[in-house]
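The structure appears right after this line, and notes come after that.
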């Protein structure tokens, strides 16, 4: 049986939920991954009677399911050194006076509320980011004191263990989108991050292969390596555009600039090997949704969403339950 | 005529100059690129009678030339956000109380002294770093305000123009080693940085191809693109080691760790296309030294220095001064 | 005109013919390649009145054609050294007491019956295997006496010439599936095998590209090289999965094991270049069926059969009968 | 909005226009690029009352648009050294007595008539060839006098400037199909050719990527390099078939011969990177038609035309008008 | 310090030891890996007073060291199904009447004598083969009963544990050359074989990368994976010659035949990545000899031996004992 | 035994023979391939007593051998359409009034004299070009009448058969350098050209791999395909420089221009696989010289000649005369 296909609403925050739901339903999606913000307000879920029901009503009207809600933006602030960029992505009450440690603490509290709101809404997955106190050390010059790197993982554990305690209480799991700028962005750092929190089951992975292609990482191998922590999956793609003059580090250029060495593209238009990824998801028994996070600076968004859905449907196949040549050898 | 081959002394700071000079001379090098520090103390050059002569005496004893002196470490502090890593690489008097803007200003003043010391020592090239106020924005998440990136280049210009004024006065040129963590690390950022200071001739490039290979950049094309600003050349190599589990971003691992996606290696043992690089250097008429910056965490340093010298000698050839088939067609 | 697409029934032996025929017809196949066994019992065809008609009736009910019947398993026993593996794939009356030469002789007689049964059933192609007395010498250590290899081809000819005599009498052609473990598995061995039997027309090839991809062989070139002996074509695919830790020799692991260096996959999901293959089939004028032998340990069988049929239909195109630029140049 | 897809009629000159229009309309094309000859007779358009209207009537009947007419053959004769091959592709009145300069002059006059006929027919693009007086110097042996090459561009300018004067007067643009044997066939020669005529806007490019793939040229980069001169686009493909025994120079073999090192193939079956090409066309704002010039010696023409149309429709997507992560960052 | 370089004498059995020793010494080798047979007769070592001393005398005369003796041929017979090929490589007293189990048992006893002879001769490494009862099941058709494969590893353990008991008593280690036709030939089978004998230290690996290149295996990764079992290293190379018509399975053709898909070649002339291999040997701290097993059917043997020695000397470098940028960062 | 290494003098025509001989001898070459012109004047050899002896005396003085003399330039004129380029490369008496057929006939007569002069000088190989009447038809547009291509081979045969008659009489062989612009430049055209003259032994090949690399042809395979016609071998290299903006057709740019898609380079600096070429030369038993034709627009000529000689010496090895594993299996 094929997996449900959902759309992540983060890139559609300009559209009211009912408008978006109507489109998405018509295109044939099975559901939505609701991004915290206009489409899913965790504060109102917890405090405003009838709000959650009104969201559900819209979804039901269009026959859309929800398997996960997203808290990427607030999560980013939990471990990060805070700067002006965070102000642009945080609710004012989290930003407050912008004093870094205060911002981080308020963000952490809000993440606990996400777990509570998800549970109340009837969803057991929260996808999101963690931030990182050490990302800016990515290139070791001036030479890193590598004990500081180790402290970054400890800082992460210290900040996130109390959050995951709440997730555990609520029966909800957090799924980190492994991603540059987060505490985990590849094989090595994911292992270190999971080890730092004792591999507790409340903290797992929202796997998104678009962040792996430009690092030259094998998405299918990652899924098998961290099989028991793959809690949610994004369908998103990226493409390397290396011609000797464009840098894999992207030259401080914005997404969509043709002089970058890589960029995000609509699924199936890039370097992600989805065939192998689906086989690995089958092998580990992942049964959750394939959630399209659609982002392509060179393609019309609505044309792309439909193209991505069609691509995902034809790429997703169920595993076999027969062994081969065994049938062949029967008489 | 082949170019002179020098050794950059930065990675040999544990050896006194006379010990190093004896070895290097025996191995057959033509000279040294003296790194600021134990091998070349710019403060003493300017203030201590006889010091410069004593350095020269050692070099003369071993018949070694100097075409450039290096100020990488102090340069790094000029534009960088300052943190504990800088303390480890700066002289105490530059670090002072560690207040960032103070550190940056003292570093800038010291760089002017490097120009004066170089001139006094009889050298017209200072190689080095600039630092960068925007390097930490390398991955745009939280989404960058890209006007801040532009301000980074302006900050660089504001800090470096007065420095280059002194270089101009002294008849010395500064040669930035284009390198991640600096204001320029690839084609796009080099163009922006040079534009930011009005392409003034006092500021050019110390070209080191090892920083290009892991970015998938074409070193030979870079040399031709910025032909009139190639003021010094490093011979250094790096190698991509991408197996699907190692990240090109290097996983916050130190150099030499086998799980990194790339590493520095002895020249000729990596991915740099030196053949094409030499042809480009010939084409632009570069006549300066080839300065081996030797760094390879997996190879004995002295074996490597000799291997690198032999490699450089056999890779370096002079351009042609005849057109072909013209001779062939003569009767 | 596109070629008919059939399904090889060998991997569906667990389903009764009428159940399979109903499915296959609904999926849109044009016919079946019936595998000897439950779907086509050559003994009953020859000896049991009404049996052949009952098979035909099922096929007619579902509007399915048959262009070939398969005798892979019994064929394997004709030249092979016999061991316990053969017992598992042979009918008890062929295995008998398991004495090797007796098994081989009974298998050879049964193959003659296949020719007779095919003719009686109205089909002029039998696909199958030959076995090989020399396959186990595949790696020459202890060093082969290569005259023994030559004797292997002679043994093949001695055993198969009398069989092909019967095929000739019946007006049926045998089509060897060129395949590792058979007397022919690549260009060199196919040429030797065909030469060994004097290139007689009764013995040709059932070309299956899935056995070529993991040997790094060019399927399209093979089809052109042996153009006049391509009597039947399988559509099957395989994929190399070489990551430096998996061997192309497959490590004595069963199909479907992720640590193998290659595996069979559903057509279009692997390394076979079907575009070039179709062009070669067009060039040699092959007009027979494209018979999907479906085998993929990582995919649901029924999803896969439909996917394979759609792939085959869109991959198969007719050749041109006009020369180009000639039209363009007409006035 | 997707671009209109047209069919170039040059390869269908054997079919009367109404027969071709009926087919093309049924297949779903949006229009035709009419090739001078039986489908569009420029002489009759100018001189025969009612002719143009009769052509239009056929097109209207089948709801087909025309964005460009083609004058490839007569254009070829304008700069070429003339030989017997031209006689085969030219109208008898242009060939005349075959004296080269006379042929060239009559061809040039006819091209002016093409501009007039296009304008009268209501079309503002003429696609075509220019010929070249220097193509035969392609390999410099005996060694070229390269001033002769320069004279080739001057000859082109001298012959084409008066032609483009007429195009300018008529408000029609000429679009050279950059192509081997023409004055421009790659980046270098296109720049030289455009420079030779002062980059006047009346002379631009009919971009056809099939001529770039076998030269190893980047079609998407070309489109961006010459963005303001891309006046028309062909969808056509070619495939390299290099196996160590086939030459990229094609061995003096005709198209369709399997021993050539490359050949034309139906769009999507070859080496052209249409994904990148569409992105570049989007980036430069090209809004004109995608005109399929269908040519594949190994594929049935009508099967291919439909396959090419489907391929083009699914490859063509509109650009984005939103910036990404900006939506994502909104609250 | 560079490792000693020895020559394996197996391919030089036609030369008496003193003749070979004279040549090898002149060429500059440091020692020999003596192959059982004319160069090292284990029976005479154990039974004939003065024999061992006479061998030593020759070696001493030419200043050649011995780090290992080889028992490849007799080892092959220990687990193999026995056929005529073994007769050609075994001493008559081991072959005896050729009854397979008798041959295997006598070979096993002789291997124990090798341990005793090596100890007596003063060498603590015996390199060699094991044979395999399951190699002939390499391609699973007729479909393998995979429990039989498991039994193959058990058979190996049962036969080799008593042998290794003797090695342990003698203080000698056995080093299996991981190789097709042996119980271990890649990552998977090496792990299984070592597991089968409980990873006892008496049984390790003679690593020869030439058997890995044609399997597409990563030699450097293997050395790191089985770091504590790398007891001896061969320098030997192989090259893939895949042109679409040659099979990686080698077509039952002898070494040296140009139609094979791979072949052995002199070190440095093939696909082995010796640079990475040396780095891995450095990383695991391997201090033993690099033993050239020279085999190249297309090269003069003596020219090749010298070429291989020069290649090995320049490829072998010692690891670093300093961390980089640490020196650079010192002031 | 290694083959003699000679230098082709065509690119050194500006140096008098004794000057060149002195240099070449000092560099260590074994001989010269004398180019017709200042170094070898065939007219004087035949007509001027003492001339040949004086040339010989110079060669003997420097201990240089001659295995072949070259007649590339005059050969080019035999089949070519004649234009101003030929005037620049022909002796005035051959050019005469420049009337094409007269030029061709005089060139043919001169080629007969080359055979006579070679014989008199004691050399049995003349290397050279043939020209081609059809080279300019290389890209079939306007569409070729391919019967004209066939006529080109016939024209070649008609003109060259009488020449080869003289070669046969003189006991000298002509060796065509297979090369673009000649009647043969790849596999297909070489076969056609040899067929056209009935594969007569007097006409063979001067194999130069530099003309094959940019056509993507396999030099080693060519040598084996035409084994019995390889009469002389050039060591010369070329390099593809394809970056998406440079054309493999070279853009009408002169050698040495960095915007060409390929260029000639010093041996070992380009794409020629000399390892495989030497193995093929060994396999076919070629015993003649390796003649370095040195041409590299980006390298100093004298540095290059020495580099090329060293490269050739270390690349050239003799074949084996033993079969492997046979020695290994001896007891």
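Each chain carries a letter (A, B, C, D, E and F) given by its place in the written order, and its residues are counted from 1.
In the analysis below, a residue touches a chain if its C-beta (ideal position, glycine included) is under 8 Å from a C-beta of that chain, and two chains touch if they have at least 3 such contacts.
Since this is a predicted model, take the numbers as computed values, not measurements.
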Touch-network distance, subunit A to subunit F, counted in steps
1
Which one, B-C, A-F or A-D, has the same contacts as C-D for more than half of its contact pairs?
A-D
Farthest chain relative to subunit B (centres taken as mean CA coordinates):
C
Among the chains, which is located farthest from subunit F on the basis of C-alpha centroids?
A
Taking shared residue numbers divided by all residue numbers at the interface, is the value for subunit A and subunit D over half (same) or under half (different)?
different
If I rank A-B and E-F by number of C-beta contact pairs, which comes first?
A-B
Distance in whole angstrom between the CA centres of subunit D and subunit E is 63
Expressed in whole Å, how far the mean CA point of subunit A lies from that of subunit C is 46
Suppose each chain is reduced to the average of its Cα coordinates; what separation in Å results between subunit C and subunit E?
40
So which stretches of subunit D touch two or more other chains?
73, 88-89, 140-143, 218, 221, 243-244, 254-255, 325, 328-329
Residues of subunit B touching subunit E in the complex
10-14, 35, 37-38, 72-73, 88-91, 243, 254-256, 258, 264, 269, 295-301, 303-304, 307
Any idea which subunit D residues touch subunit E in the complex?
243-244
In the complex, go through subunit D and note every residue touching subunit F.
73, 76, 80, 84-86, 88-89, 134-146, 148-149, 152, 179-181, 185-189, 214-218, 221, 242, 244-255, 259, 261
Subunit E residues touching subunit B - in the complex, by the definition given at the top:
218, 221, 224, 275, 279, 282-283, 317-325, 327-331
